[in-house]
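The data blocks that follow each hold one structure.
Two complexes, one shared chain (chain A), two partners (chain B, chain C).
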Partner chain A sequence: MKLALLILEDERPVREALRRDLVSFARHVRLEEAEDVPTALEVIEEIDAAGDRLALVMADHRLPGTSGVDFLIGLAADDRTATARKVLVTGQADQDDTIRAINEAGLDRYVAKPWQADALCELVRDQLTAFVVAAGVDPLPHLAVLDAERALAIVRERGDL
Partner chain B sequence: MSTATARPRVRLPQLTLVQRLGLLLGSIAFLVPLLIQIPGLEPAGHRMLAIFLLAILFWVTEAIPLYATAVLVILLQVLMLSDQALVGGVGPLPPAATYFATLANPVIILFLGGFLIADGAHKFGLDRSLAAVMLRPFAGNARLSLLGLMMITALLSMFVSNTATTATMFAVVIPILAALPKGPARTGVALAIPIAANVGGIGTPVGSPPNAIALGALEASGQGISFIGWMLLAVPLMVVVLLFSWWFLSRRYIAVDTPMSLELSADFDRSPAALIFYLVAGATVLLWLTEPFHGISSSTVGFLPVVALLATQVMGADDIKRLQWPVLWLVAGGIALGAGIGASGLDVWLIGLVAWEALPLTLLLLLLVAVSVGLSTVISHSAAANLLVPLTLSLAIGLPIDPTAVGVMVALACALGMALPISTPPNAIAYATGEVPTSEMIVSGVVIGGFGALLLALVMPSVWDALGLL
Partner chain C sequence: MSAVFDRAGHEGSGAGDRLAPLCVLIVASEPLAASIGEEVARGLSDIAEVVWVDDGAAACAQVSAHPDRVVPLVLITASSASPGSSDSIDTRIATLDTQAILRRASVLLLTDRALHDDLSLSVDCDRLHAVIRIPGSPGILAWHARAQTVRWLSSHRPTDPRTRALVAADGRPVAQPESDLLRLLELDTQEVAAQLLAGIERVLGPRPRLLLPAGTRLIHEGVDVDAVLVVLRGRVALDHASAAGDLRLHHDSTGSVVGLLSLAQQQRAFFTARATTEVEVVHLSFEQLDRALAVDASLGAAMAAVSIRALAKRLRRADQLQVEKTQLNHVLERERRQLSEALRQLEQARLELVEQARYATLGEMAAGIAHELNNPVAAMLRATTYVGEDLERVLASHPQGRLASEIFAAERDRPPRSTREERAARRRLEVALGDAGLAQRLFDAGIEDPERARALAADPTSLDLVEAVAGIGSAVRNLEVASRRMCELVTSLRAYARPKGEPVAGVDLHAGLEDTLRLMAHRLRDVEIERSYGDLPPIRCHPGELEQLWTNLLVNARDALGDTLGGGPEGRGRIALITDAPDASHVRVQIRDNGRGIDPDILPRVFEPRFTTKQGAVRYGLGLGLAIARRIVDAHGGTIELSSRPGCTRVTITLPVAGPPDDEDIET
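Let's turn to the complex of A and B:
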């Protein structure tokens, strides 16, 4: 089972920049991209069918068709993706959108464009760890992309089985 | 506004092929003794053999979780071998309560105290602060630092579970690892911690579950060992194996001029709650070590911190919930299995299967230790002890050696199986850091485990004899 990270972003250069900044995660995490919401839903189906777990969604708000915030609200209501961590990566969400994302989708983080690569990696590591803790996933296979201290705290409680 | 958040789906794990096979073979093996009349085995023994075969296959294949097999063993014994048995007609049977009582066996109570003290030590940061203070004298030289790391890990592991010790020490060590050059030095440090945790776990009765399983079985046959009595038997082996491991790992992985910095800050909690904890934990350990003077059994002493820490509200309901109940129940299942094997006459039949007394004692002990180390390399140490302790204690009845020595020997041997990432949770943690290739874990595990096994089988019985410990 792999942890999956989904980037939802309609502008190709932005998608590529995100992927480039997160390249250090690619060896241990399934990195997926989608340019609009229908594609994103297909990708989620694929992740689920392969037995992997959607751990983190990084979504833009302004998209052709369904907006990023509406997509995140949909994820929160789906039992397969309810535990996935939700991050809005946008420069264009107004206050009302942001309020809806927080109150209705349980938004976990807001990243304003342009982002700092280091800070973004820290944020992803933090959110993946939060997912593993909340979803009760065994952290050991994913230790390389997690905050080791918090991941080991889960293992400590297992005892010598 | 309410949030339309879905209830996350509960996912059942996919069974592996081995697990499916385990389920199938376990069920068949369970039925065979119930359907076939085995000469020389009493009717109750048939039922116990069925349960024992099921336990072997389920524990070895992990067809269901280890702790689930443990409670299954207890339930089957109640349904087949107690006064509440569904089908009678096999003579007088013990009350069901005796099987349920294994869940609160004195050894479990001892562990309850040990777990609560270990959790408290973590809650108040005592484990990390102690590690920081004790590492200071070892700063400067990389090989010496490795010795310091291993000694502290082993010392913590004597009172804290091997897994928790490893998790704590890796949290301490990960910055040190990152500062080391990539390659052998990192491998050496990352291997040293699980090895020291596994070896340290043999040091006291509360150090790891196999010790509890052996203690419980020995107590049931009227040969209980005191806390300090166990330490006298096990600590000499622990120290020698630890020093050997250090010698081996530092020669193999740590170049003399490796730079290693051990700047850790100790931050002792001085809040009133922490001070009460230190006092209670210190008093408990002191009482454990002085049992010959006051005569209060280690289990009773183990219940003291439970009462004191809860009464003073230093620890509360959440801390009780966080205790490692699955481990306690696994141990209880092992104790129940041992009790059933003894009570059903299965032990007598098992001894009769092979003419053990025809073999030289030394060869037999070597075989015993080798099987224990081998089995615990591929399955959980606790599950291996659950299966092997009752078996070997029955076997020991016919041997010219103290059964206590045999019970302790099997428990200690079960700690030495550490050649694979799956052997123990500490190994799994070390492997997950990405610094330890499987091949290096095999080499160090085989060399150190093999050294410990030879020492245990060939030297320790004479040492115990010479010191008058048995």
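Let's turn to the complex of A and C:
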């Protein structure tokens, strides 16, 4: 089982920049991209079918058709994806959208464009760790992309070490 | 059946003749008709002949047969001519009125009934001149018929010699009314007052005349009145003090008796009576008046006549004031409405000014931003090219330069694919290599061919190089895309800023439209263009600006047609261009499309500058399209209106023929 990270972004240059900044995770995490919501749902199906877990979604807000916030709200209502960590990466969500994302989708983080690569990686690591903790996933296979200290604390509590 | 009883006034013939025969009609059944006829004839022996007939129809036949006759009077009996008939008085008078001659006649109803409920229409139309109970005292009918005939003659045939014999020159019948009161009421005010005074003086002896100068107050408002003043000469005004200042209620002249009303009501004077000219009056205290009236009862009629005349005059004045008040109220109401309309227009004008100022500021800002962005963007765009060129030179000296250059160029020029296609390609590579992580790396480097992927996987040094140059390739591509977008944005912002230069006169608006259509031909090739050009005078304008305007509007219209092209519910996408000149100093252009229409929620804001994401692709300038259009139209001193519903969006531009107003400082 692999942890999966989904980037939902309609603009190719932005999508590519995100992927490049997160390339260090790619060796250990399933890194998926989607340019619109229907594609994102297909990707989620594939992840599920392969027995992997969607751990983190990084969604733009302004999208063709459904907005990023609406997509995240939909995820929160789906058992397979409810535990996934949800991050908005946008320069265009206004206050009302953001409030909705927090209250209705349980938004975890908000990343404003343009982002800093270091901070972004830190945030992804932090969120993946939070997912592992909350979902009760065994952290050991994924230690490379997690906050090692927090991950090991869980292992110690379980008494496996 | 009919009978002619008497013939008088038979000289001459023809209704238009001054001496046309006069004929009084009696509509009654025998034997009543004969007895009525005889009596009436006695009263009219020297004036008119009397004819009686059975019923209304016979009356009509009678006048038709003798069109030369003049009929001043018709007497009808209440009891119906034909037994069992339930004709109402209204119906019977209406029958008579079918004849023009009878329509002019006065109608007297002779009735033996105590109650009538069948003549409301006749009363309402003023067709009933007297109701006479029969049988009555002997001679009454003759007297009535005569009086009515004389009155009719005096008002309908004033020049008839027979009328002159019966009616005095001033319009009053020669025969005076029998009652004192009516006789006095026919006199003029001055005469009545003189008669009253004469009567009083007969009882009280001569009354001293008082000579008073203009301005003298004869009665004081709020003070008990215990005397009247007979004004023999001069004018008196009645004023009432009110919150709105002194109010002139009435202006009376010689002959009036001042103080009568207050005296009658035994109360304080409601007004102040003041002489406005020198006046000559006789002062009569309440007691003097009382004594005079007690001694000579005939004075009562004169007193009543004076009072009635005074009251009537005042009442007429009050009615007139009421009418004036209503008229004034109407005028006030109209002025109030005009004022509120003016206020509304002022407010509208103010809002438009605020709006203009806002757009002016936006225009300046846009121009400023465009200018500031232009240089850095140009530098960026050039720099991306340089990076590529320099990298090619560096790689030329590299041992694996050929491979690296190829990978770099492929990645730089890689056409966009959907994420779905990319994912599928990556899966294929994963399956071929059996290692997801490795497949991902190679795929990111633009390697999709499994053979080549396997070769590179076995050669880590080359793989590193390939990943690096692929990264540079995509970075250069993204830089270039990003800077081009910014360039387009700068161009849009510039278009939003105002143009420089003087307006050009004598411009053919249709030529400009056609130029624009030609330039846009490739974008409009799927669209049916309908032209409906009217006769337009040449106008003064910024022609380039107007072409930008038509372009923006056509782009929007084309955009709205997106869904309906190739046969939507509305059929083929259609754009109609309609021009006309609503008046001598304006031209009007309408651009209509049958597209999906504008969402009513955003309709009020379509003229505001904004940027939009349309169908996933951010399109630059479109969000500004209408804002620019509006700015151009504003600068030309014209108007732009937009209405939209699904299947019909209409933009209407009106431009002054004279071109932009000279004062163009609004936005600069």
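Keep in mind that, in the parts below, the second predicted complex is superposed on the first by the 159 of 161 C-alpha atoms of A that agree within 3 Å, B and C clash if a C-alpha of one lies under 4 Å from a C-alpha of the other, contacts with A are read in each partner's own complex, and residues count from 1 in each chain.
Methods note: a residue touches a chain if its C-beta (ideal position, glycine included) is under 8 Å from a C-beta of that chain, and two chains touch if they have at least 3 such contacts.
Not measured: the values here are computed from a predicted model.
K.L.:
A:Ala144 contacts which: chain B (first), chain C (second), both, neither?
P.N.:
first
K.L.:
Per the contact definition in the header, classify A:Ala135: touching chain B only (first), chain C only (second), both, or neither.
P.N.:
first
K.L.:
Is A:Glu104 touching the first partner chain B, the second partner chain C, both, or neither of them?
P.N.:
In the superposition, A:Glu104 contacts chain B only.
K.L.:
Which holds for A:Arg156: it touches chain B only (first), chain C only (second), both, or neither?
P.N.:
Touch status of A:Arg156: first partner only.
K.L.:
Kindly list the residues of chain A that each of chain B and chain C touches, one partner per complex.
P.N.:
none
K.L.:
Spell out the part of chain A that touches chain C in their complex, as residue ranges.
P.N.:
Counting only chain A, the residues touching chain C are 10-13, 15-17, 19-20, 23, 26-27, 30-36, 39, 42-43, 62-65.
K.L.:
State the interface residues of chain C toward chain A in the complex, per the touch definition above.
P.N.:
Of all residues in chain C, those touching chain A are 416, 418-420, 422-423, 436-437, 440-441, 444, 471, 474, 477-478, 481-482, 613, 615-616, 618.
K.L.:
State the interface residues of chain B toward chain A in the complex, per the touch definition above.
P.N.:
The touching residues are 1, 3-9, 14, 66-67, 115, 122, 161-164, 167-168, 170-171, 174, 201, 208-209, 322, 324, 326-327, 330, 380-382, 424-425, 428-429, 431-434.
K.L.:
Under the definition above, what is the set of chain A residues touching chain B in their complex?
P.N.:
Its residues touching chain B are 51, 73, 76-80, 82-83, 103-106, 135, 140-141, 143-144, 148-149, 152-153, 155-161.
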